[in-house]
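There are two complexes below, and they share subunit A, which is joined by subunit B in the first and by subunit C in the second.
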Partner chain A sequence: MSDPTFTIATSVDDALAALANGARPIAGGSDLFVGARQGKAPLPESIIAIDRLAELATIEATSAGTRIGAMVNHATLMTDPTVVADFTAIADAAALVGSPATRNVGTIGGNVMNGSPAMDTGAPLVVLGATAHLQSQNGSRNVTLDELWIGPSRTSAAPDELCIGLDIPARPERSGSAYVRLEYRRAMEIAVVGAAAHVALDDSGNLAEVSVALTAVAPTILAVDGLDSLVGQSVDDSTLASVAERASEVATPISDLRASDAYRRHTVGVMARRAVDAAARRAQGEQIAVPVNRALGIGASA
Partner chain B sequence: MTHEMNLAVNGTTYPLTVDVSRNLLSVLREEVGLTGTKQGCDDCECGACMVLVDGQPVNSCSYLAVQAGGREVTTIEGLGTADDMHPIQAKMLEAGGVQCGFCTPGMIMSAQALLSDNPNPSGEEIRIGLSGNLCRCTGYQKILQAITEAAVEIR
Partner chain C sequence: MANATEQKPAPRFVRADGPDKVTGSGRYVADMSLTGMLHAKFRYAGVAHATIDKIDTSAAETIPGVVSVLTAADVPDVIYSPVVPDRRLFAQDVVRFEGEIIAAVAATTPEIAQQAVDAIVFEYTERPVVDDLEAAMAPDAPLVHEDWESYAVTGDTPRDRNVATFSSIAKGDADAGMAEADMVVKGRYVADGCHAAPIEPRGVLAQWEGTKVTIWTSTQVPFDARNGVCETLGLASNHVRIIVPHLGGGFGGKCGFHFEAHIAALARDARRPVKLVFSREEEFIAPDRRRESMIVDLETGLRSDGTIVARRGWVAVENGAYTADAAFFPQLAAMHVAGPYKMDNVKIDASLVYTNRQPSGSVRAPTAPQACWACESHTDELARALDMDPVEFRKKNAIDTGDTGAVGQVYDEIGMQECIEAATSAIDYGKDLPENEAIGVAIGWWPSFPGPSGAFVRLDADGLGQIVTGAQECGTGAVMTLRQLAADELGMDPEDFQIIYQDTGVGPYDTGATGSQTLLNNGRAVVDAAQQIAEQLRVHAAEQLEAAAGDIVLVDGAAHVAGSPDRSIPIPALAEVAAEGEQLLGKGSGTPPAYPDIPGMNCVGDQGVAAWAAPQFSCHAVHVRLDPDTGVTRVLNVSCAHDSGTIINPIAAHGQVEGGVMMGIGQALTEGTQYSDDGRQLNAALLEYKLQTFADLPTITTAFIQTPTTEAGPRGAKGLAEAPNVPTAAAIANGIAKLVGQPVRKLPMTAERVWEASQ
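After this line comes the complex of A and B, so read on.
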C-alpha cells in the first residue's frame, strides 16, 4: 500500500482547493481501504478527509425538493423522518447496507461517487429522479445519475469535482417508492440483484407514473425503459408480470461466484415486480415498515 | 508519508506519528499497546475489530488511524477491568456467551453501542445490533441472552 498524505478538510472550500491540487476525498473510507487492501486500486497519493464537514451532513428542503448532503450516513438515511416518509426506497436500501458499523461510516455521497453497480442506494436515487450536485473551484453543476455513472466504479465527474449532495425533486401526490433485493444473508451482504420502484397513482388508483431501476445486473445501475405502456393500468397481476418481464429483458448480468447470469436475469424480474407492488401499496397509504425486505419477508430469512 | 496525530483512546490522549495507510486496528494494537481489539478477517466482515469512535461502532480494520484523530476511541479496555467488569462483560461470562473468546471484545463493543442508543432493545433489535459480528463457537443464543440480561441490569 502507498503512503499518502492526509489532511482533514475544515470547509468545502478547503476540500475543493485540495481536490484542485490533486487530492482525492475520503468519507467513511471503507470502499477505499478495502479496495486498496484487495489490490483493486492503491490508496491515492494525497487524501483529503471530508467526513467532518457538517454542512454536507444535512437533509434540507430546497426550492426544487430536497437535498440530501453527501456526508449523510446510512444510519441517518434509514431513520430520518423526511427520507422514510418521502423517499422510502432510500431508507429501505440504507437499512440493508452492511451492519450498524458499516451504516455508521458509510455515506450516500461515498456510494454515489464510488459508482458500484451493486450499491443498494443507487436504484432508489434513480427512480426518485435524483441528480448529483457537483462542485469545483470553477463552479457547480447538477448531473443526472445516468450521466454520472459511466461504468463499474467509474464516474464522469472531473477529478476536482466534489459531490456536495443529491437533489431529489418533490414527490407527487399519491406516490410511493420501495427497494428490495435478493440476498443470501441478512447482514454484511451485497445485493445479488435488487430493484427500486417509484409509483404515482391517479384518482382512480391506476398508474400515473411508474419507474424501475435495477441493481447488480449491468455495468451501472440500470433504469428500466419501456414501461410507459403501463400508465393508466391498474396495479394487478398482469401489470406486475409485465414489469418482471421487462426488467429481465433489459438486464445484462454477469455470472460470478454469487450467481449465474441466467439466475440474476430471472430474479431481478421478481425483485422488480415486488418493488412495484410495495411502492404501489405505499402510494395507496399502506404502512409497510422499512426495510421492505424484512416487512414482507423478502430475501434471507435469518 | 507519516502523519502526526493525537489519538484519544479510553480517555487518554496518545501523541503518535503513524503512516497514513495504517488502519486504526494496527495502531491500537501495536502503537498504543491495547490488544483487546482483535484482527479477524481484516476485511470489514467479521466484527472482531469493532471499536467505538465518538460512541458509534466502527470496524477498525477498515478505518484509517488518521481518520480517528481528534475523535474519542473506546476499546474493550475502556469498558471494564477483570476486577470491575462492565455489566455486558459480566453477563457474557455468566450466560456462557464466551467460548474461545476471539469475537467477544467486538461483540461487546457492538452491544455497548446498541445499549447506549437503545437501553431496552427487542430480541430482533439485539440481533440487528450484533449483525456485523461473527461468532463460530457459541451459536449466538447465549450471547443474545447475555445482552438481554445486561440491558436489564444497566436500566
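After this line comes the complex of A and C, so read on.
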C-alpha cells in the first residue's frame, strides 16, 4: 500500500490532471470523510482538493439559463438572490441541510456527485430540469440527472470527470418551486422522505406544467411520472390528492431505522402534495419564506 | 397548604468551570497525554449470548507495537457489582451482551491497538437470546445467568431465575377496593430503553508509580470508581487515586465503576501509562448505564365522585445482562406508577429482569420518566373515563400537605398542589387552541437522597478561600454553588473561593454526581466547615475589637461588632493573624437529614426508596402541535413548576429544569434504542439515535415553589438535577393523546407510532 496523497488543486486543469491520474476529488468532505470515519468506504489513496477553485463557486447566467458552480455551498444556496427567486426549491433544500457548519462546508457538487437517494438538493434539481456539466481532460458534456444517478451512491460519471456545475434552464413565467422534507427534528436531520415540485400556471391560473420528484423512497431520486393529466386543472384539493396518490404509488421505499416502508409510502404522498401546493402558491406570487418547512410548519415544525 | 416563599434576587457569579468549557481551554481526559503513554482498545463480544469456546490472543501479541494483551486469566477472579454481584472485568465462559469485554490491548498507537483487537481469535457457540421482558419471566425461559442461585446478594430481595430483584408495594386490600369501584380502567404502556448520551465519550488514563496508581477518568462518581478498582484488582484504597479533569456531561451514564480497572491492569502489565478514549459507538454499546426499557400494566378502580379507590400494577424493568445499580429500580418504578396520589388500596409488583442486552443503570431520574409517563397517561385515561378535566382530577387526587401517599408515608409541608396550580395557570390551561394543538399536563415526584459527605474549607493568609471537596461536578453547577454557600457563611464573595474537587486523593468522601445529592449533602458539609472558620474568625475579631465573640457578625468581607458597623476589621487582616498560629481550617460533614417513618408499609423487597426524605414535586404543562398527516409532534411551550425546596442558585436551577425538559422531549419523541433480533443495538450513533437539538428548543418557563422543608439540605434545598426530567414525556403524551383521541402507549412516541395510533 503506497502512502495516501492529498493535493490541493489551484486550477481546474490541475484538478483534471489529478483525476486522470486516479485521484478522487474532495469538495467539502462532509460525505467523503465522514463516510470514511463511519467505515462506509476507506478514504481514497489519492485525493485532490477542489475547494479553493473560486471559478467553481459562482452562480452565473448562461445562454441557456443559470449555472450553479459545483463548489457553491448550501449556506450560499439558501440565501443567494437568484436561487431564492428563481430556483426556490433548491434554497428550501439547502436550508435544511445538517447544521450551519454542514451548510458552510457541504457543496451542491458534493451533494449531487455523492448520489445518495436521501440528498436534499437532488429532487429540486430534477424538477427544475437541471443537467450536470462534467469535464475531463478529454472534453466536456452535460448529462441529465436521470442518466447521472444509477444507484445508491453510484453515478455514471467516469472517474476522471469533474462536475463543474449544474445547468438549470430559465424559469418560465408564473412558475414556482418548493421542496419539503419529513423530519423528526429541526437540525442535523436526514430526509426520512422528501418531495420537490415545480409548477407553472397558465393565464387562468391552471396548471401549465407540473413536475414532482421524491427523496429517499427509491434507489435514486425518483421523478414522478403520470402527472400529465393534471395539466389544465386548477390546483385544488382533488388535484393535490391525485399528486399525493401518484407519489405514494410510484415510490418503492424500504424499511429501515428511520421509518417503515408503509409510513414512507404514506408520508411521501403528503410531502408531494405540500410541495405542489407551496410551488403553486409561489407561482401565484405568494411569498413563502425559505425553507417551506419552517414557513408552513411541515411536520408540525413551524 | 404550603407557603410559596419569596424568591430572593438571583446572585450572579460566573461558575468557575464556565470559561474553560466555553472557550475550549478546559482539559478533558482525552486531551491528556503522558510520556511513554500507550493506547487501549477493547475486544467486545459482538454477540449477545454465547458460550466461549476459545479466546486466542497469540497473533495479536506478536503485532509490532503491541505491549499488553489481557483477558480474564490475567486479572484476579473477582465477581463484583453492588447488591447482586454477577459480573467480572473480562468475560469468563459465557458472554451475555454484545458489549461485554473479552480482552483488552495496549499498543503504541490506537490504530495498532485496534489491529491487535481484530487479530484476537474468538470462537463461540451461540445461545438463545433473551430479549423480551415477559418471555424472560416465563418458567421455561432460557437463563441469562444459569448459576444465579450461587450469587451472594446483600439486602433482602426475592429473586427467581431471570428476575434479579423484586419489590412490591402493598397497602390496604387492592382486590376488595377494586370490587367496590364504580368503574375500572386498565392500560398497558411499553417504553424502549434509551441512553444518557453525554457529549464527551469517556476516557480513562492510568499511570502507576510503584504500587500506587493514579487514574484520570470521566466518571461522575470518583469514590465508586476507586472502590471498584480496589475490589477487582485487590488494591488498598489509599493506593488508588481517581482524578477527574473536566467532565463532558454524564446524565447518569458515567455513574458507577466502569473501565478504570481494565486500564489500570493494562498499565501495570505494560509498565507504562495507558489511555482509553471511547468512540461514539462504544459510548452507546459498552457502558452498563443506559436507561432501562419497561413494561407497565395498570388497573385503577374509581368511584364516580372521581376518587381513586384501588390500584393494581405490574411492572417489568429491564436489567440487561448484569446488575449495575439497577437493583433498587423495581421499587422506584413501583413508586412512580403509584404516583403522588392518595389511594388506600394498592398492590404493585415490580421485577428487575435479566436480558442479553446492555446493563441498565442510573440515568437521570432512573425509571421515573417512563413510569411517570405510564402513570400519567393512565391518569388522563381515568379522567376521560370519568368525563372529568384531567387537571381537576389531579387536583382532587394528588397528595397535599398532611396527606398519606400510596406507601403510607405522611407528607409534611409539600408544594404538590401549588405546582399544579402554577404550571397550568402560567400556560393558561383551558384557553382556546387551534385544532391541531393541545396542552398536556403531568405531575411527578422524586426523592432526595441524604448521605454522608465531607469537605474542607480554608482561608489562607491573604484571606482568600479554598474549598477542598470530594464532590464531583457533572455539569449541574452544584459544585459551583458550594462557593456561594461558603461565602455566605463567612460574609465573603463567592469569587473569593476556588474549589479543588473530583480527586479522591485530596477531598473527603462524597457519593459523587448522582442522586441529585451534591448540594443536599456536600452543601451541608461545606456549610459545616465554613461555620468552623466563621467561629475562628469571630474569636480573633472579638479579641481585636474587644467584644464578645457572640457579638461579632461577618458581612461584606469584614468582621463587625453587631450594632456598631464602624467597629470592624477586614477578614484578610484576621486571616493574616491566624496564619501565624492556629490556621483557618474547617472540616465538615454534618448530619444527613433523617428518613421519615412509614407506618403500616407492607413492601416486599425493600431497597430503601419507599420512604422519601425531602420529596420533590413537579408539574409540567406542555403545549404541543401535531401534524396529523405525518404524526410529527412539535413541542411549542413547556410550563414547569417545581417544589425542590429553597432555590439557592437560581441561574443554575433554571438551567437544570431547561436541560431536564429537553432530555424529556427527546425521550418522549425521538430517543429510543433499537435492537436487532439477535440483541444488537442498531442505532448506536448520533445520526440514528436522535437527540433533540437547539433548533427544537421550545419556550420553557419555570416557577419554583419554595416550600420550607426542615429535613433537607442547606437552607431547605432539596436538590434539583433529576426532578425536571420526570414529568415532561408524560405531559407531552397527554397532549398527543388529546389530539389523537387515545394514548400512543409506546415510548418514544415517534412520528410513525403517533401516526399509527391515529389510523
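Here is the rule we go by: the second predicted complex is superposed on the first by the 297 of 302 C-alpha atoms of A that agree within 3 Å, B and C clash if a C-alpha of one lies under 4 Å from a C-alpha of the other, contacts with A are read in each partner's own complex, and residues count from 1 in each chain.
As a working rule, a contact is a pair of C-beta atoms (placed from the backbone, for glycine too) under 8 Å apart; a residue touches a chain by one contact, two chains touch by 3 or more.
Quick caveat: nothing in here was measured; it's all calculated off a predicted structure.
> After lining up the shared chain so the two structures overlap, which partner does A:A130 touch, if you call subunit B first and subunit C second: first, second, both or neither?
Neither subunit B nor subunit C is touched by A:A130.
> Considering only the touch criterion stated at the top, classify A:H266 as touching first (subunit B), second (subunit C), both, or neither.
second
> Contacts for A:I298 in the overlay, against subunit B (first) and subunit C (second): which applies, first, second, both or neither?
Only subunit C is touched by A:I298; subunit B is not.
> For A:A49, using the defined touch cut-off, is the partner it touches subunit B, subunit C, both, or neither? Pick first, second, both or neither.
Touch partner of A:A49: subunit B, not subunit C.
> After superposition on the shared chain, which partner residues are touched by A:G29: those of subunit B (first), subunit C (second), both, or neither?
Touch status of A:G29: first partner only.
> Check the residue A:G98 against both partner chains and state whether it touches subunit B (first), subunit C (second), both, or neither.
It touches subunit B, and subunit C stays clear.
> Now for A:M188: first (subunit B), second (subunit C), both, or neither, which partner does it touch?
both
> Which positions of subunit A sit in both the subunit B and the subunit C interface?
38, 99, 186-188
> Please output the residues of subunit B touching subunit A within their complex, sorted ascending.
1-3, 19-21, 23, 42-45, 47, 50, 56-59, 62-64, 66-67, 69-70, 110, 113-114, 128-129, 131-133
> Would you pull the subunit A residues touching subunit C in the complex into a rising list?
So the residues of subunit A touching subunit C come out as 38, 99, 182-190, 257-260, 263, 266-267, 270, 297-302.
> Across the complex, what residues on subunit C touch subunit A?
Touching subunit A: residues 436, 625-627, 629-630, 632-634, 669-670, 674, 682-683, 685-688, 690, 692-696, 750-752, 755-756 of subunit C.
> Which residues of subunit A touch subunit B once you look at their complex with the stated criterion?
Listed in rising order, the residues of subunit A that touch subunit B are 1-6, 8, 26, 28-30, 33-34, 36-38, 43, 47, 49, 51, 75, 98-102, 104-105, 186-188.
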